[in-house]
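Report on the structure given below.
Going by the order they are written in, the chains are A, B, C, D and E; count residues from 1 in each one.
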């Protein structure tokens, strides 16, 4: 079969899956899966950029997604005025001191030699650490004391929101859209620091280093309550799309819904989801276009050369370190954007929910199943694997029911099997994954 | 006419699902004989060697060893039958020490192989010096010596060498050819690809010129050396 | 009519070991009602399970979405972890106007979430428990404690609430150290706790999660021998795991001296699951409240019965215990006011959360038993 | 052109290059020979920036280039080939060549995204150039083949081809001849001479084939055990006792077998 | 000043637990490192292999106990261990035949194998939970302690106690023996060397007459044995729970990598690095200092560098710092 046709068919297949979902489980479900699928595709695109293009084994995706999530709070939430006056200054001074310490240590390391260097660096680090803790901790305590059950953090920069209509119903707040590029920037900044230090590492060593850094980012987000309430979560993030309840109370909308033959609840939920779909699809298409353009340019060729053989690429005048850094930052920024989009969709930031299985490994599965090195593969993988991730739950139950249908009701084995149905979810996922990779080991849409 | 000891007869085949590289190519070596294969780059010399060793699909034709058809055997089984092979590229275990590389050469031997190892060290003294160094850290020529040494360790019944002298210094090359002659003298057939063709043809009992996967010329080493066209087209004048 | 109630819990993921009992608790209530035939003129109640994964807001929302739009559930019993609960509430429950009663989400943040009157919880608030713990400790003359909490909104919220209450009452907390659930080793935490010292170690965690790990490590290394166990830690698992090693330790968990709790354990035993598992009683109650409220409203439509949840849960009225749901339904049908007590002595307050009655327990001879109520 | 002073490179305790000093004159084709393990490749690697020297100095046209990374050296006009071929195995042969030239405008992302038609033109020129080189190396029929599937010798040719894609000042060839058919090697030799004459490239050639060295190289430097053993014309070197003993040898002992 | 008490406090809360935890990680890391060294991929299913082996051993233990057989002062589980290992060997060999072999024959890239192993992980995940459930299971019996804190205090008259558990001692000993055996096996025996040769250059190994199937089988058998042992020893010390075993994967990987992949010595060293960095950095040194310093200098605070919240962050930070100075781990590991 000709590849273009095959690829089109594959995308049609995913569309078909969504269609079936819509018919069998309702359009809300289908649209919701599509929306998260779009975000997943963006994530996969980012990982593919790093792995497929440049061979960088980044399994710290979760960290960048989380930074994107953090951005939604920092941008979308209104500032907590009291907290700002209580300790913001001290916290920022502390952070500046901390950064200064690190910079100082680096400078000293460059300047001095031998013993003096070791001791000088150590001395700066130790003294700096304690000064930093002294200043910083006091500020943190002050901020976190401000109504800890509800805020206890600095909040964000959204001085405009929240917007409400005359009936006190929430209106969309487009300011939150700013969080998406901000999430990208935040992730890019982190990627820059990580890249500067760790990109010299090879394959699995880089992998575990990035994984570690992701864990560190999550640890900070969980424990620095002044930033985004830590494990206490931030609820009620603004949305860039209309609220269902607001729509449901809007007579104009009800009338329009009626004219489509829909009840207001269904109409409003679908309408809201469609708004997200449009936004997400737009972001995805832009990024996909950029990635495609890049891949098929001399730049892409250079990246593939670097991936194939760094030594030779270096000898052919390509600055491997700089290119690696560049693509690491780009890929991470994309993950950051996707992270912000995801949190926007959830409407809340939940640091405990960032688990490597879900936010790193699942994304890798998407990239590999889709076909690493191929942007369309990543998009396909993102949509397909996400669909599976959601649908294996009912599938697992269905399989179990099928298996036990022959057994007598109330038999111990049957009960045990039905009870285990939830775990069939992961099992089904594994089986499907193995089957896909069995029949197309290079992914569904392989690199040319 | 009885078969030569080792013969890859009218082999046709290629890599995986790709096009055929060999087209009815025949190469053979008699006991005690040195057979040399020469030809332009990409002619299929290495491919022919691999085909004889069972490392790619032979669609038609056969490989026979001592009268026995071994076309369907795996490379491993051929090793057990006494075939030794030095591939052209990635022919050493880079992460293992020189000595371990040699030991691996003697993997199928159950007897005491220390003697053989001493012989190899005599042949390539530099290897003795570097015996505990990872082979991947050796210079190009030294690696080549390890590769040949590894094959010799097997005490094979037939020896196949793919460009054993590429990158080795003249003095070592001479030693190597000397040794190859010695080995051949003990009655072992040797099948060898060489680009140092003139030297190789001088010691060859039989020589093949391969072009695009086909036998272009066959004869004794001297015949080919004397052939003006062969000299010009394949031996560099 | 066939009334459907979605049971959304983390059947896979970090809470996978307690959710089976929670699910069973909720479904027991449904079975009871179905058997009685007293709900809304003989309606049956079916449970539709969904996996919240506890950690993946996306997957949880998708599951909820499926339950609400495809299975058309009339209400949701769930979710378990506060994070996914908030996500489902905002993205699915509110959007579709479906009532949601969580048995275990205790985050104070949820109190202030906009919920259009759709969200309730049968779990008591952390702030209340902080005071209870303080009272119990002080009654035993304890002035200095070490504190460890599971690093999520429940643990952190409870730890903060307790520390504030305890210090206000003149006690001192030597250290407040987080522990992550499901991790391999707790020596570091126990080392720090032991070093800080204290008469008692307060373990604000889950009994079959890191909490037990901390207790195990503390006992083994001799760091502490007396513990205080808040609600998440109390369960028969403690008896099984530690037995006599815990003699002298104490704690408290939601419950009244009403016969409800004991009755529930009995019922659970008959149904073949562990009624003492964390949040299993609350799950039963959550499901029961949903159905009772439906009866009170005379409708299985969320928009109708959401305003009746408070009525059936709180006094005045005839007290209803586990196993008496049929009676409750009939009373309501007859127009009598009821006060559902249930397995965890539910009393809804403020924004629809359990007021929290606690029973104090103490270990002796390797098992814990209730010694009083607060 | 290149001056190497007292260069030392150690691996662990082993001195691979041990105080080598040499000059490479502008416009020359210098031969570098020596026994296996003499340190020739290591010397190349140090000069080309792949390895950091333990001590010593390398200057290029008076400028200190010790320890500069390879990609910077490339832009200064210093190119090298690898003894063990380093092709970009999953790219086509043509792409292997097209990626070489530096400062392609399409190699910056901005241009890749928003670049004008300029890139397409540049690409066409590059492609033409690459095809020309491939034709010269007699492997133009393989231009769309994955480089990883080339034969051993073809990879060596590709290695050489890359140096022909740009205008270099000095090219280090590490055993381009090993595994290359002698007839083709002669052609390559001609090309080297032509590049040297016409474009004034300087070459440094490591080779074990004395005929090839003899045809091309004027000064020949013989290394042994990490330092320079002898230097001069090939004839001088060939007459040097030490070189004969360490490197050239005296021919086959078993010739008799062939004679018989 | 009281050096003895300070020392005992340090031993009891830092050294002994760190040593035991380090050894637990190390045995797990040995398995990971072996797969990486020979079969050249990071096996994500390792945690679940451990869980499976332990589950089997628990079933065996229960059977033994039902028959009234115990192992005296030692945990009965150790008697059932061979059964667990046997079952695990059968399982991994089956999985290899069913799944991995295909990709090996295809010469698939390591990352494909990594993702495939994730698929296997999901499946085993389900299987283990199906067999033994999701609950916490304690299966340790016999003498739990070599010495308890209370006994130690009584014996020595010190204020501080020192507790050493039987399983801790066994774990440390087993870890060291396993490491030594593996090291010897890989570097000195014919089979071991052929395994290394196979991982280095598969084609050439073939040409040397090495039977690849055998190499793969032996590798899996050793890995299964190591995984089961690691899982059982961990479970004896703490408890068995499927989810925790999955979570163990991260520190185990960290240990294998910081030590240098493919190197048994590295796995051991890595295990201890990870364990001790977790335990020491967040330790509150107050207790030790109180004994050491004169009264007027006694610290007010806890003297804790970082709060325990940052335990993992710190151990990962240390890992990264180690890698920055030693890019392929402490013992020069392999990389693909």
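One rule holds in what follows: a contact is a pair of C-beta atoms (placed from the backbone, for glycine too) under 8 Å apart; a residue touches a chain by one contact, two chains touch by 3 or more.
Here the structure is a predicted model, which is why all the values come from computation and not from measurement.
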Which chains, if any, touch chain A and chain C both? E
Label-sorted list of chains bordering both chain D and chain E is A, B
In whole angstrom, what separates the CA-based centres of chain B and chain E? 46
How many Å are there between the centre of chain A and the centre of chain E, using C-alpha atoms for each centre? 31
Distance between chain centroids, defined by C-alpha means - chain C, chain D (Å): 74
Between chain B and chain C, what is the separation of their C-alpha centroids in Å? 76
Each of the following residues of chain E touches two or more other chains, namely 129, 134, 307, 309, 312
Two-or-more-chain contact residues of chain D, please, as numbers and ranges. none
Output every touching chain pair, sorted by label. A-C, A-D, A-E, B-D, B-E, C-E
Within their complex, state which residues of chain A touch chain C. 24-29, 32-33, 36, 148-150, 170, 222-223, 229-236, 244-245, 248, 265, 268-269, 272, 342, 345-348, 350, 352-353, 355, 358, 389-390, 393-394, 397, 419, 422-423, 425-426
Which bits of chain C are touching chain E when the two form their complex? 13-14, 16-17, 20, 151, 174-175, 177-180, 182-185, 187-192, 194-197, 208, 212-213, 216-217, 220-223, 237, 240-241
Using the touch definition from the top, list the residues of chain E that touch chain A in their complex. 36, 42, 44, 99, 102-103, 106, 108, 110-112, 114-116, 118-127, 129-130, 134, 250, 253-254, 257-258, 261, 307, 309-310, 312-313, 316-317, 319-320, 323-324, 327-329, 333, 335-336
Any idea which chain A residues touch chain D in the complex? 290, 293-294, 297-302, 304-305, 308-309, 311-320, 326, 330
Could you please specify the touching residues of chain E with respect to chain B in the complex? 190, 193-194, 196-197, 199-201, 203-212, 334
